[in-house]
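Structure first, then comments.
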Amino acid sequence: MDKTTVVLGVIGADVHAVGNRILEYSLKQAGLNVINIGVMSSQNDFINAALETGADAIWVSSLYGHGEMDCRGLREKCLEAGIGDILLYAGGNLVIGKRDWPYVEELFRGMGYDRAYPPGTLPETAIIDLEKDIYKKGDKNWRPC
Amino acid sequence: MAMIDKEKFLAERQKVLQGWPTGQEVDIKEAINYHKNMDQEKIVINKLLQARAERLTLIQPRAGVALPAEHIKLLKYLYEEGEADLLPTTIDSYTRQNQYREAEQGIKESEELGRSMLNGFPAVNYGVKVCRQIIEALPVPLQVRHGTPDARLLAEITLAGGFTDFEGGGISYNIPYAKKVSLEATIKYWQYVDRLVGYYQEEGVRINREPFGPLTGTLVPPSISHSIAIIESLLAAEQGVKYLSLGYGQNGNLIQDVAAVQTLRELAEHYLHKYGYEDVEVTTVFHQWMGGFPQDESKAYAVISWGAVAAALSNATKVIVKTPHEAMGIPTREANASGLKTTKQIVNMLCDQGIEQTTRLDLEKKMIRLEVKQIIEKVMELGDDDPALGAVRSFEAGILDVPFAPSSYNVGKVLPARDDRGAVRFLNYGDLPFDREVKAFHDDKLAERGVSEDRDVGFQMVIDDIYAIGKGMLIGRPRG
Amino acid sequence: MAMIDKEKFLAERQKVLQGWPTGQEVDIKEAINYHKNMDQEKIVINKLLQARAERLTLIQPRAGVALPAEHIKLLKYLYEEGEADLLPTTIDSYTRQNQYREAEQGIKESEELGRSMLNGFPAVNYGVKVCRQIIEALPVPLQVRHGTPDARLLAEITLAGGFTDFEGGGISYNIPYAKKVSLEATIKYWQYVDRLVGYYQEEGVRINREPFGPLTGTLVPPSISHSIAIIESLLAAEQGVKYLSLGYGQNGNLIQDVAAVQTLRELAEHYLHKYGYEDVEVTTVFHQWMGGFPQDESKAYAVISWGAVAAALSNATKVIVKTPHEAMGIPTREANASGLKTTKQIVNMLCDQGIEQTTRLDLEKKMIRLEVKQIIEKVMELGDDDPALGAVRSFEAGILDVPFAPSSYNVGKVLPARDDRGAVRFLNYGDLPFDREVKAFHDDKLAERGVSEDRDVGFQMVIDDIYAIGKGMLIGRPRG
Amino acid sequence: MDKTTVVLGVIGADVHAVGNRILEYSLKQAGLNVINIGVMSSQNDFINAALETGADAIWVSSLYGHGEMDCRGLREKCLEAGIGDILLYAGGNLVIGKRDWPYVEELFRGMGYDRAYPPGTLPETAIIDLEKDIYKKGDKNWRPC
């Protein structure tokens, strides 16, 4: 059974690097295979990394407020690239300003993301979700933690 | 490197101004005139020098939205309700990456949706005239705040637009704000900006320049940020800049923070004099904690207050204020004003109290001086006494190394961690040119923490420290 | 005066318990049993002594509403959401004046209107059983906080009801809280309360006693509140009290506040030992600024934070927390929790930082010691070594004199004002028994301020200082 | 022309003395005749002081939260005592908790108070109002400031 592979990065013109470092560290600690494309990554960077590594999930961070614009269309790009069913998670400070979380979550679900996380989410929370989602999809039975 | 030759500079200007249609609005002679006719009250450096003389700490927010009318309303509110002494115009992230097309798109979406879809004000897209509308609408001076590796066009437009203070620097707006832009390039871009400010200066227009002190904002040891501030000061002075505000981001241990602010001006003046710049005026800028904030607003107020305390007690010339929304997103104007008012109350209550020079304060200052000396000497050695060359080579060699920076031009070996009193120390020195005395000091301090927490000194401490303030602590103690 | 004779005490108890029907519920033997079976976690002094040993500062709110179910909900919320370490039950003002009929009326109106029409919890009207319901509903220990000149029945009911800490004192709950109640009377009432606590103590039940440190909360010089705390400590120890928390209300100048807390325990222990009480444990209580607050909530957060800073740096055992609603009215539970969370964040961030013993700190401490010594010696002299008699005669003679107190038993000649750094000094000594050295110190300090403000030292400064914090300053500088 | 006379006090079981001192000082500074009955004053104390001195106005302070209960009925007592048209002002923290000011003002107007003041009112504000009210009533034309 393969290790689960996650492509990790910060999208758009966003340079917030600290959370990205911690996510990489936590995913590795949990036994996952991590491809960290780092900050300032374009949608194509994410797609290419996922294609190259046959990743199970893409974790997109957006902190700086342009997430709504930057994240739009990624699911469609995945479909075009033939990885339409890859798990797409988004987290960070996804929109500009302090907004009601349910609104933001709906927004990102509507954009084709499987899950979206509010500010301050600890990596562990999302790793558990990832385990569940992968288990549900049935292609792997690995448990990260 | 010396001052950029005037002819060469003027030629480069023509190219820069073609970067976006609004560049054509810039007429520097007219702009100099505009500045000369400006109200003295609206010139940043006047306020800063007065505050420095009276030992006051001024307060300034961060703020910027996509649409000019909204931006003006916001700033007015922060002045009237928030009691801000100085106002900013924070530039959006697309403009910072010279992505003026994306910025244009953001403006459109903002107009359509009636809310700002940009995380700042896209000054380049709006051009000189709109900048002046902003300046003229407000009774206090304005500064441009951004994070732009190549800010040449932004500087041209905003300075011609009447701003009298410009943040940034070739290192401080590259290493924490970019991934793949070469340091050589950004230093050149910023020499242009400094030369532009120097040009205004030659013509009798006083523009203040402020390197971005906090860098990545996360556990940056003072000697790292001080060294970079000093190099950027030398670079700026070389291009004719006469007014410098040097910044420092709060770390949270009061004594270390006070030591940092006190040594910042002292060391900068020392090196400026040493390299022949006798007539540069240095003021200081204290940034309230720049790392991850608590989600809870009441706790955020505590972090804001504690930053205001350190700013006041260290007698920084100004303090850049966070808001209770920090962990959540760009603040509403109300939240922004709240951060300002909290800060104002603290600064007012503390301005007459002062702080004594104690043994611990002396020790912190001594260590900062020692570390900065070892870094700067090595930088100048590597650069054959040219700070630009020195900076480039030192970043290559890890002599300069900023923790958690996204730039691939940063070696990224240095790791900081808090000691048992919360002061930020070096856990990993990377290739920093420190001698035994310095290393023994940091090692001891961290060993002390290890003992008190009964665990190994190591990376887990760094992780815990990154989360700590957000979780209501200063030091990331092991849980349970 | 010595310890009240047991027989006499028991006889008096019978009379006291007849003050209101609920008095009949008190069965002290049963109550002692109840206390002995209480969870150790729910006994205040356990938490206090642990905190003192670990050099932590605990946080405690003020809170009380008319209806028990609401009161429990409120306290639970302050524990869960506000992270309070210790909980209070603040008693309403009618109960404090023994106006149980008015309190009954308040309960009725509250029930009818569905909102609290009382400014606290009327514990006497509810009696022992309801008190125990409250104690049992909460996982942390509870203290009774009030302001009652004659608290004999309140003490009987709440101690039998399972409270393990009781605030107040014969002076501190008279002079600031009453107009025409004689000091002789209240000292007797409180000797009764102390004797009751001593009685529990004899039976192995540890109840903590806390004289009310801040008095009128408005510019009270530390030596005044310290002297009264010491006299109340001696009075309590005389009746068999073994655990004392001594309080001090923040004045706002950090060095003076730290000096005050540090000397408070030191001086209290000194005099307790001197008068033969070797086995009394003293902890300290820091009250965030007790005078007029700013209306603006963001500014209130700053005042709260600054209080938390002083509490943490002076290492007080606990801090009593204000709320952002302070200037407006009794806080909502949310506002109350907010004040707690702000305080918790500060205390957590500062707990490891410490403060050094500096020259200015030493001087403040020296002056406080000197002043307290001169006052206490005179009090004991006037009282022929009896602190009760000494207190009564000293208030008559103005040897003890609390600024702005409503009591007609207080001479009211003393006037305080801030010096040029914001420390509270004596503008008018009234009849305080200070020697030349002390007076010269205060005179100089105020003269300094006069010079710096270019105005006469006088009553206008007092007025300006009373308003100052509420208006966003510490020192009431002349406007314009 | 007589000096305007104000009876000043803090009503009920309320001991907040600081504001009362400042009000006395400010009223005197403004040239008024002040009868300060101090803290913990009953409705009868106010009435008696007003009767004895022929006062033009009664200034009631209530800080401690029981103002709503304590102040009720004072106008009726004035009527009974034959000084039904005396000016009645109230100020301080008149009710329990932070409440909308218009609501509180209405409450006190309904209770027969001519004016009520929110927390943080400076004495000067009310002194100017007093001047106006007395001028309107026409029995004096004195101007306090």
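Order of writing sets the labels: A, B, C and D. Residues in every chain begin at 1.
Assume a contact is a pair of C-beta atoms (placed from the backbone, for glycine too) under 8 Å apart; a residue touches a chain by one contact, two chains touch by 3 or more.
A quick note: this is a predicted structure, and the numbers were derived from the prediction, not measured.
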Length of the shortest touching-chain route, subunit B through to subunit D: 2
Chain at maximum distance from subunit B, centres defined as averaged CA atoms: D
Distance between the centres, which are taken as Cα means, of subunit C and subunit B, whole angstrom: 45
Centroid distance [mean C-alpha coordinates] between subunit D and subunit C, Å: 31
Chain centre separation in whole Å, for subunit D relative to subunit A (CA means): 65
Inter-centroid spacing, subunit C versus subunit A (mean Cα positions, whole Å): 54
Multi-partner residues of subunit A (each touching 2 or more other chains): none
Chain-level touch network, classified as line, ring, star, complete or other: line
Which chain pairs touch, all of them: A-B, B-C, C-D
Residues of subunit B defined as touching subunit C within the complex: 252-255, 294, 296-299, 301-306, 308-309, 337-346, 348-350, 352-354, 356, 358-360, 420-422, 469, 472-475
Partner subunit B, residues of subunit A touching it in the complex: 12-18, 21-22, 25, 38-40, 64-66, 68-69, 93, 95-99, 119-120
Subunit B to subunit A touching residues, read off their complex: 93-94, 96-97, 99, 102, 105-106, 109, 115-119, 147, 176-180, 216, 218, 291-292, 295, 325, 327-332, 335, 404-406, 463, 466, 470
